[in-house]
Structure formats: structure tokens, C-alpha cells
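I am attaching a structure below and will ask some questions about it afterwards.
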């Protein structure tokens, strides 16, 4: 089959399966996961087939979606997207398998697996999309899917707060990215990524505007990958069920930022600020994540902070941009994916066994869950970077580049070497702590009886993932060959350097030895303190974020009480006075009063002025009368005369409509008034307006009338040259086949608006009925 | 010639409506005013519509006017009746001629 | 449901003829809408007014018996018709909301120029009738 | 005296009469002690407006406004009936009018 259909099936399959999963949830309940696993595996195999077909050459597929905004549904198939596609689908299969045994029967599984499918579709879409706007679309779709998944247990308050925070942060950074995309369109002239990558040498990337584009896009990436200023949403997203954490918040969604930086690398790598921004943000995040992971005690929070620090590390990979590092960037990413996904899965198992999330209350679980223990051992070794695992190789490579970079540039580069060493130490200590307290030592007394062994199947996925770490760690060449096929033009050199476990007694190796020694020291130091430390209050960004939200609410309440507006009419006063000020300001500033001419007044205007005078008399009556019925009568008389106006100006349609609207609103008002209980009616009449407020309202109304008069004078003194109506009148017969322009406009020319209006009409009625149903209350009580 | 008769009809109709309004002003209570106004208006509109029918040569317009006349002829008394009925049921204060009966 | 009718035999007698007359007038306005002042919206309101006047003279259940659909259903069918006429041309390959005029020669009435805009107008007509009557009835019946 | 000249005199004078009728009804509308007087005057204004409309459409010799005339009739009748229906639902004597009846 052609590559196009293969790719389209691979990407859109999860979207079609999502409703199917939802539909079968009632009958199959948990087994619906197998459908999910099936789709994940088919997508993965399709992507594998595409890899074989394209043999590493980039391939673009595009269909016209909205030619007006030159928005194409276009997909780019190259090494980077294929690699990420594989990661998403394979890890997806593992997570779904794990979720099959993790979720209980009473959960709403249909909804859960449907959201997971939706998420997989969104991820595949983002990864393969070639059109920047399309990337943004899928980017936000992942944000929505993560919101739905984090907030899956919607009755728990912390999952509500967590999902809201995740949505707001990723959403706003996504919007900033959209700004960047639009700016990119105006600066580079196209949305098409493959085009941009192809012309990367000729593109002028240095200068204010391109740097602005780069910075805005990077903010989007930082937001999604929980980098420094936006890192606080990831630990709060841990309120999601564990399969979600292991899939979204370790392997897939948070990697989007890394993917975007990798995608933009060939375009912006010549920009001088590219390296500085990414490296600073990345390494600061790495340090913060590592330090926080030591200080926090919730099982999943520890893992979340280690993810944050590892993401910082990966950002650094693309920030430094050394050929040597970039060659094996996929290796670094895979390393993190494997060990973090398995650690999260193990955490899920442990929380199921033990019941609490606090790491200090756990211990000695190896006997109960041996396989999970093995998986944690391998994963922690990789996290710590012990030799024999992928983690070791990736740390070695980074250390080498940093040392080489530091010798050549000096100064700031030494700071980065320092940060990476410190974060490596903290990571080492956390992984040691994670494995030791969880699986070694004695089972705490209060847990002794309540322990129950987890099933065998649930421990399988973490074990498989963790063992990959060791297999590829011992002989990286295996992975090297597989990844060689996925070269990305502009980033990977053609000849891949040799990946080896053992590089001899180089300085990085000595460094990693000292790191592990210091790590053990740090662990014992904290052990003696019985882990009492907490993350310092002021450093907690998420509490600051939440206080910010509540602060907004209290601010608006205080503003409301300061303005002392209790009745809704007072707001009307503010709105109208604003309009009056704005229009009078505009007139005084722009339109010289001299242009007003009065030569357009002619004899036949007399009847209109008479009617106008009568209308004024009755409108004053409407305002001054006390009883409602008299006001209503005066109002309908005003309606009468206004429709007579339309007759004078030869507009029969308008006269008809005005008169009928008058009658319908009259009957509705009357019926509504008959509903108001007697007591309320009298109180209402008395409190119309008294004293100072009356004068203010009078002033505002007089002013607005005066300003409107002036506006009309300007309009009448030089009427606009061409009128819209002429177009419709002379076109109505030829195009719409009816000679009544008013009706053809309503039904044919602007039929779309009519459809909108009638749906609004029905929706408004439903709203009103809703209010009415609830409103029955007072009439009954007051009777 | 027919134009003159027609416009005189319309003038008569307008006159009747005017007299009805005078009644509305002068008469003491709701029922007398309703009584005067309804009768005068029915007659007035019939005359106006009758007169107007001669001016429109196109047959459809004349029929429309006739229909309007018939509608008005039926509904004005009806609305007067309903108003009087509701006023009666709500026993709105009525005019009692003082000097002949009691004081 | 409290009986809110105005109990007067004259009204009861006349109300049917008035309702009948206004309905014919509404249909007339609706049909001539395309070429002369009129149209679905105006006809809808006129018909709604006739229903409201009828409602004043008849009690709730008599009204239900006359108008045996819930007014909101009328509104939604109107919506459905309007959306249907808008989407139908897409199935025939024409652009969205393209109106088709049919010129047929009916022996009795001479040649008729009927078109899909009338259907859209009819949708609007039903929506307006449904919405207005629904609100007026909920007000008057629920007291 | 050519006939069209007489016609326009008659028609214009009828229009003036109707306008006077409207102004007089307005006096009752503003002064009217009870609400029912105001409804009556509303009906009166409605009818005279219809008369005016007929005369204007004759003077302009355009048949466009005949539907408007019919709709005016409907609104006149409907308004009165709606008001009386409303009063039928809610009117209580104690919030009756301030003016004495025999003014």
C-alpha cells in the first residue's frame, strides 16, 4: 500500500477506535483495553512498515483543507517523527496492557480508554504534522486529552485542581506558541516545516524578528515539557491514575517540548541565542527537579520531579547542539522513556499494595512483589547512571561534551558542568532511596497484615521495559543500528559514531565514580535525618499559582463591593456613560463640528417630526408614570408610532415586523407581570430612583441623547456614497429569483446568519425555560 | 365623480372617529366611554375602508381592504365587550348621577 | 392548572373565526414572502398571536388538544427543516446552502416559481411559532 | 372645481381630523383615572392610526401598505385583549385610581 494510506491509517486509527472503545465499555468493561492494545500495535507495525518503505528519506503528504488560509492537512515523515511515533505507540501498548490489570471494574473504563485513544491520536498527529498550524491544533488537543485524563477521578478535589492547573499552563504556553507560529508565517512566509528545513541555510535566522519567533515557540515547548518557570504543573498532574502518569507524564506528552525543539533545531540552530536560552532553562530545570525530588516524600511526586530534571537534561542535549551529542539524541530519550515509564508502573503497583503514597511508611516489599523489585532495581540503576545501563552511556556522553565545551569556552560552561554533577548526585541519592526504602529492609509493623501480593501480569510491563535498559545498556550497538535508520536531515551526520559501553578510563568515568560516591554520602546524610526536610514554602510555584487564582476572585469581589452596585440597572448606567464618553471623545477629536450642514432639511420631513415629537412625549410618559400597566400602554403606543415612521419612509416590511414584535413583547411582558406577586410589585415601584442617583441617571441619559443627535447630524450632512442595499436590490431578482430584497437577503444571501439566529432563538428559549422551572419557587411561597 | 363620493365617505368616517374621541373625553366613567368609542370607531372604520376601496383599481387591494373592514367590524365591538366585561367583574367605580336620585 | 380563561360566551363563539381568519392571513403572508413584503418570520409571529388569542379563551387542555404537539417540538422540527435545506445541496455535490428554483406549470394556477428558500422560510416560521407559543403558554398555564 | 382637487381637500381634512382625534385620545391616555380608560384610548389611537394609514396610502397611491393595515388591526385588537386579559388575571380594586369619578 502507498505510504500515504499507511500513514493516514496509523495516525487516524486511534481516533476511530475511541468511540468504539467507549461503546463497548459496558459489555466488555476492562477487556476493552485489548482493543486499545490492538490499535496501538497495528499503528506501531504500520509505522515500522513506513520506516522500511521510506528508508530514511523525508516524505511529505499534504491535502488541501482550508485553501483560504492556506491551511493544508500535511504530514512530514522523517526520522524524528517516525522515532517519536514508534515511542508513542509501543509505550502506549505497554501502558494499556498495564492499565488492563491496574484499573478496577468499578472505574468508568469506557471513558478512560477512549480518552487514552484520543490522546494517542493527538500525539501521533502532533508528531507527524508538517504544517505549523496543524501542529498547534494537535498540540492543544493533547492538552485537552491530558486535562480529561488528569481530571478522570473528577470527584477528588486534588485531581480537579491538578487538571485545571495543567490545562491553564499548557494552554497559555500553547497560545504563546501560536503567536510564534503566526509571526513565523509573516517572517518566513510559510507554515510548511519541510520547506523551512529544506531552506535552512538560506533562511535569515539572525535578527530581532526570527529570534522572537524562536523564543515564542520555545516558550510553548518549555510549557509542555514542564521546564523551569512552568515546572510546577507536572507534580500536581500526579493526581491522575498511574497508567496516565506513566504514559502522558513520563513517556509521551512531556516529550512534546523535546520533539518541538528537535524539530526546530535545524531551522534555528544558527541563531546565537538558541544555545543560551535552551541550555540555561534546561539545566536550571534539571537542578531544581533533582533537588526537589530529594526533598519530596510522595512516591509519585519524587518520580515527577525526577522527570522534570531529566527533561531539563534532554533540553540541554539540543541546547548544546554538539554533533557528538546529537547523533545519539534518540538514545538519551529512549533511556528516560524506559526507566521512567517502568518506575511509574511500579509506583502504581506499590501504592495498590501499601495503600498510602508516603515513601517513609513503606519497606521490605521484595518478597511480595519480586518482579516489580527487579524492575525497580534496573530502572534505578539507569536513573543513577550506574555502568551497565543506558543511563550510564547517556551521562557519559553528556559529561564528555560538557567538559570539552567547558575547556573550549570556559566561564559559563563550568557552571553547567557543576549543575550536571550536582543534579547527578541528587538523582543518584533519590534512586538509591527509592529502591532501598521500597524493597529492602523490614516491612513496617502497621502494614504487616494488610499486604496482598499483586498479580503476576501487572508486574510484566515494568519488568520488560526495565530489562530493555540493561540489554541495550550492555551492548548499545544493537540500538545504534536500529536508530541509524532514523537519521534526521540537518541534525544527524550521515556516519554515526560508534556507541560503546566502555570508553576506557576517561575523565567522565572518573567523574561518574565520584558522583556515585557523593550520592551514597548524601543518601546516608538524609537517612540519619529521617527525611524530615520539606520543599521550602516560598519555592513552591504551584501554591503561588493557586493563590494567584483565588486572588483574582477576591479582587473582583472587592471591586464589586467598592462600586456599591447591587441593582443590575446601575451597570447599565456605567456602560452607557462609557459609550457616551467614547463617542463624544471620538467626535471632538476627529470630526470638526464645522462640517455639519442643515441644507438637507425639506418640507416632507414635517410629518416625521410630528410623529417624532409624539414619540418623545410618550417615552417621557413611559419613564415618569408609576404604575406598570400605564407604562406598558405608553410603551406600546410608542411602538405604534415608530412603526408609523417606517411607513412614512416607505418600508412596509419593517413596519410589519416592528408592529408584530411590539405585540409579542407586549403579551410576554404582561404575562410576566401577572406572575409577579403583589408584595414585590409595590416594593419595586417605590425603589425606582431617588435623590442623587436620579440626577446622575438623568444627566447620563440627556448626554447620550445629545451625542446621538450630533452623530446623526454628521451622518446626514454627508451621507455615505454607496449604500449596501443597492447591491441587494439589483441582484435580488437575478440571483435569488425573488423580487422582495428584504426576504431574499434573510433567506438566501445571508441564509447562514438566519440559521444561526434561529438556533440561538431555540437555545435561548431552552435557557429561559430552565430559569422558569426554577423560578416557580417564589410564587408558591409568597401566595 | 366616484372619487368625490369615496373621499366624502372617508371624511365622514374620520368625522365619526373624531366624535368618538370627543365622547371618550367628555363622558364620566369607563363604561360610557367604552360604549361611545366602540360604536363610533366601528362605524368610522367601515366608512373609511368602504371609501378607500374605490381608489384601488387593482382587484386584490380592494379585497384586502374589504377583509380588513370585515375584521375590524367584528373585532372592535368584541374588544370593547371584553374590556367592559373585565371592568364590570373587577367592579370599577361607576358613575351615579347625584342630583336626580339622592342628595 | 388554574383556569385562567376569560369566561364570556361571545368571546368563546367568536374566537374560532378570528383564529381561523388570522391563520389564513399568516399563510397568505408566508407564501407571498419571496416577492412582496412578508416572509417566514412575520408569518410566524402572526400565527403565534392567533394561538395566544386562542389561548386566552380556551383552557390549557383544550389548547393541548388543538395543538397536540409540544410547541418546543415544533420549534425543533423547524430547526431541522432549515438545517436540512441548507445541507441537502451538499449531498448533490453543490456548494453548501445553494438554493434551487423549480419552475413548474400548474394547470390551475399558471406557472409557479417555487424554490428551496421557501423551505428555509418554513423552518424559520416553525421556529418562531414554537418559541413564542412555548413561552406564552408556560407563563399563562403555570400560574 | 376639478374633482381631484376636491378629493385631496377632503382626504387632507380627514387626515387632519384623525390627527386631532389622536391628540385628544392622548389627553385621555395621560389623564385617564383608571387603567381601563388608558386601554380604551390605546384602542382609539390604534384605530385612528389605521385611518391615517389608509389615507396616506391613498394619497401616495401605493398598495404596499395594505398588509400593514391588516397587521395594525390585528395589533389593535390583540393589544386590547391582552391588556384586558392581564387585568383579568391581576387587577385588585384597592390599588384603584387616585382621581374621584365625578370630575
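Going by the order they are written in, the chains are A, B, C and D; count residues from 1 in each one.
In the analysis below, contacts are C-beta pairs under 8 Å (C-beta built on N, C-alpha and C of every residue); 3 or more make two chains touch, one makes a residue touch a chain.
None of these values were measured; they are calculated from a predicted model.
Enquirer: Given the touch definition stated above, what is the smallest step count connecting subunit A to subunit D?
Expert: Minimum number of steps from subunit A to subunit D: 1.
Enquirer: How many angstrom between the C-alpha centroids of subunit C and subunit B?
Expert: Comparing mean C-alpha positions, subunit C is 32 Å from subunit B.
Enquirer: Can you compute the centre-to-centre distance for subunit A and subunit C, using the mean CA position of each chain? Integer Å is fine.
Expert: Taking the average C-alpha coordinate of subunit A and of subunit C, the gap between them is 45 Å.
Enquirer: Nearest whole angstrom, what separates the Cα centre of subunit C from the Cα centre of subunit D?
Expert: Chain centroid spacing, subunit C to subunit D, equals 29 Å.
Enquirer: Rounded to a whole Å, what is the gap between the Cα centroids of subunit A and subunit B?
Expert: The computed centroid separation for subunit A versus subunit B comes out at 70 Å.
Enquirer: Among all residues of subunit C, which ones touch two or more of the remaining chains?
Expert: 6, 18, 25, 29, 36-38, 46, 49, 52, 143
Enquirer: Can you list the subunit A residues in contact with two or more other chains?
Expert: In subunit A, residues 652, 656, 660, 663, 667, 671, 674 touch at least two other chains, as defined above.
Enquirer: Tell me, which residues of subunit B touch at least two other chains?
Expert: 67, 71, 75, 78, 82, 85-86
Enquirer: According to the definition already given, which pairs of chains are in contact?
Expert: A-C, A-D, B-C, B-D, C-D
Enquirer: What does subunit C use to touch subunit A in their complex?
Expert: Interface residues on the subunit C side: 29, 33-42, 45-46, 48-49, 52, 72, 75-76, 78-79, 82-83, 86, 97, 99, 101, 113, 115, 117, 120-121, 123-124, 127-128, 130-132, 134-136, 138-140, 142-143.
Enquirer: For a test of understanding, state which residues of subunit D touch subunit C in their complex under the given definition.
Expert: Result: residues 64, 67-68, 70-71, 74, 77-78, 81-82, 84-85, 88-89 of subunit D touch subunit C.
Enquirer: Residues of subunit D touching subunit A in their complex?
Expert: Listed in rising order, the residues are 19, 22, 26, 29-30, 35, 38-39, 42, 45-46, 49, 52-53, 56, 62, 64-65, 67-68, 71-72, 74-75, 78-79, 82-83, 85-87, 89-90, 92, 95.
Enquirer: Would you mind writing out the residues of subunit A in touch with subunit D in their complex?
Expert: Within the complex, subunit A contacts subunit D at residues 610, 614, 617, 621, 627, 629-630, 632-634, 636-637, 640-641, 643-644, 647-648, 650, 652, 655-656, 659-660, 662-663, 666-667, 670-671, 673-674, 678, 682.
Enquirer: Subunit B touches which residues of subunit C in the complex?
Expert: 6, 8, 10-11, 14, 17-18, 21, 25
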